[in-house]
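Attaching a single structure in structure tokens format; questions to follow.
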């Protein structure tokens, strides 16, 4: 591991997130700046196994900072879960003269990276790219801020029609295990109620809250529901259930779905991605490995990949209170 | 009917559409301009029956031209389908000194208006406000252009994630009886296939098309599906069906839903609404009634409300051809 | 001219406009559909002279329908104004086996094309691509609708701050010779006054109008000014002049500038560009030349390039009236 | 000062910023929640002097969280700089039974508030609302994040046309004393060079940088210039100067201006404003005064108004480095 690093590879894996391209661009340009070569690996770990590589120069990543998705594409790889697959990946990297790897993604991406480090002692730095903001060791993940804006813009539109018709809307947003998107967009869109997995409101309190809302003269209501919330089997069942209790309500259900992953990244996500892309290369060149770069208290920091995976970010109690107060 | 018209009422009814507020504003300001009073009726025909009126001056409609929804709110009214309901409405209008009525909405709105004219010979002009563009006698309805932009912006975002993951997306857009939104947004978003009620592609041809797509090396595909399309019971079932035929496809389904009705209106919708709002008042003051104002070949025109309801706009065969050619 | 056309070239020239890429895509895919080859010419007529060509397949134009600008780039060419330059261009086209040419642009583009047809009898079809909407023979030019939306979105933002501060804003929009953008965005943004080259309001009437506005209790005002308007030498001088007359007004001037040319095209522009791109290829294959394809009364039509250049679209008097009425 | 606080007033002052309405809404609703009355003061300190007050209930602030500007309007007040003016303000507050005041704005706002506390010992809490992010004691000011997004969206559009034409653009963004907007949007928009007041690049280095850019084959360039930058008298003069040095460059200048203050606030600004609005009320009810509430390291914190005014936020050196590296 003491040979100099002359070439760094970068890949994106797992669900895509706006800002991944900005991170790729920063990795490539940091390589140019520090005079090491850079190659892009297509389709995540699967491309590592198949040797799907392309040399990337500073010009290759012009005009991508504002594009959603990932130019390197992303994919799940069953093969990388096998020893055989990882061996192929290692051989491909060696053959291409790659001395270190930047992996951009979330939990699954880092788990794969850790395994690879353990087996091959290959230098790897992780960058948190996921809209869910569920990675420990960084205040924000790349794509999260953009997803929040996408969601509030859509809810603003639904609010137009909701208040024109005095309707009750249940809107499902992403976040299977974490309610960050639901809580923040719920506050940001002025939702009357927010349902998240971390805090089981329970059907009874939801019903009470909707009753109170009506008594206060609110003629339309928005309830933001996190994918992972546990009231009802899913948001449609929840809607049906509420309809039984309030038969005179005009209830609509909307599942926002995959649009939440796309779109031009916000300025904040572009800057975050640029910082972390540069930092990842600098840490690799400083012989660091096995860590994720993140931003904590506005400073670039690192955390062990094992911690990033295992620990959880807690929902901020202050935000729950703000949500309660501002929806009176 | 030969008394002078000193006061005009305006209401919005049926599904709301972006630009309705711009139309309300134009009606109010045309009243000011021509020195007649104007009152707004809340919640459509139901507000007419309940006497839910408010005097509107030019200042009341400041800063609403760019707002989605309708400040007068909209509602369905069962009561207006009864003779008793309509009688109450008539008495309320008389009591308030209202001499004529502008109704903004779609099919159902105009049907109600026609009935009222027949029974009470009350002067009424219709303005086509619906995102579906399914009204005869106007090239475009208010809200349609905005909805097209909303849909292509969302599909652009889904395309980001679709092409990052090599996925096949089925995206349902509004249009129960008419495929205008699906056809135009399908072309505009570069969809690989478009399913509309007016042209039954049939499952076999859809399957063929998807196969061809794959053979051509397209790694992601978007299929835009109109609500009213007849393949499969709904878009989810259609997705499941395709999954059975192509088990290795990564298929996702997204129903865009009510966001399509909201948002700030496009410039084109604001201008259209302003023209039609002014024209409606001018026609009423010219003693016209029973017609809808629309735009045909860039000129403001009128058509009988009965025709507007009963006749259909045909899907343009040229557009179907353009869709076929540009998706090769 | 009776040899079969086996290869069609396409170029963009003059000021770029959103939707040019959608038109390029449609030209390329129509070529694929009708089984003729297609090549792209970079940097307009200059690239024709320098032989800056690239073969374009249907895949080359994937994912560009939603991109602003032009992937073929645009440039002014002094050389194409010389006989020598045009001869080089002709020889390059012949050498490359190109049998016909699609030119996307405005006045200047078509003037160059006409000259080339006259000298070399080379088949050329024009597509109107310019945000100014100042081309005769089409109801709308590609990019115009998008520019209208860009402008009203920006004025909506300025309105936020104008009405928070009771300010008078002069906002200059594009349109050196034509007031279409100013008139439509002025109506769409609810401007208090609109200044366009086609209708000289005169300083006195502007001052009157601003006085009336104030008397009516309007606390903020937006005046949309077309580049080509003749009151004052430019918008800054106009602002200074008004400041002298109303020293207590808080006046601000904003020149929107080049942002008006960029951005993702609206759905309407994408569909228009797709229709015209397909139509241009079909007309060339039908041995047509020397015409521009456009959309008139919702139908694709053609007009001689000489007419497209020389004749003017008139400002619609009805729109001027609507502007007057809705700003009371 | 030991009487209970039964009524809280809120005002906005200075330049408006997106999210001010969200802050007002949070103040009003926190008052409702904690069962104290709330009144809004129009036009900042001037309204305080003129007694321009309105009682605000939770319903009054429905549907404003997504609106730019400030429903309470803002204004500069010369009168509040006089002892007489402040005395009138104090008497109005006393007469109305107001026990404490929330002031939303920037430097000037807080300076006025401090003076008022010193003279009348009146409880006041400040909330940082300004797009410039130039307030000490908070990581972000309300409106800053939205302004960043507005700017990068506009530069994205200009980039479309810049790269279609191989042009050099100088784009002036807000920030008279602080380069935060320029630095972050410069990184976010992928600018080739960024000029800020905190770091005098000097004309020579700018010229060098533009030369290098050209040698690297960059065919278009964006230079983001902070209002307060010191090269040239202003951005137009700077453009002229560069034109003299590079006569063959196609140079354009764009001043973004007031649009940067408007628009729907980002989700992040809405959440920040909601948190600070709630916190301001809670601190007043806890008998705190003379401080500004802010967010530091993701926690709500307070800082003395005197410190907030006098101290500066430093430009982060790491960001300067990231800008340099990612523009290679």
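Letters are used for the chains, namely A, B, C and D, taken in the order the chains are written, and counting of residues starts over at 1 for each.
Here is the rule we go by: contacts are C-beta pairs under 8 Å (C-beta built on N, C-alpha and C of every residue); 3 or more make two chains touch, one makes a residue touch a chain.
Listed by chain with UniProt protein names: A, B, C, D = ATP-dependent 6-phosphofructokinase.
This one's a predicted model, so the numbers in the text were calculated from it and none came from an experiment.
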| item | value |
| --- | --- |
| Partner chains shared by chain C and chain D (touch criterion as defined above) | none |
| Furthest chain, CA centroid comparison against chain C | A |
| Centroid distance [mean C-alpha coordinates] between chain C and chain A, Å | 39 |
| Approximate Å spacing (C-alpha centroids) for the pair chain B, chain C | 28 |
| Multi-chain contact sites of chain C, meaning residues that touch two or more partners | 156, 159, 163 |
| Topology of the chain contact graph, where touching chains are joined (line, ring, star, complete, other) | ring |
| Touching pairs - complete list by chain label | A-B, A-D, B-C, C-D |
| Touching residues (chain side chain D, partner chain A) in the complex | 25-26, 29-30, 32-33, 58-59, 62-63, 65-66, 139, 145, 148-149, 151-153, 156, 159, 163, 184-185, 187-190, 216-218, 264, 266-268, 270-271, 274-275, 277-278, 297-300, 316, 318-319, 321-322, 324-328 |
| Parts of chain D lying in touch with chain C, wherever the complex brings them together | 12, 15-16, 18, 67-70, 73-75, 150, 154, 156-166, 169, 252, 254-255, 257-259, 261-263 |
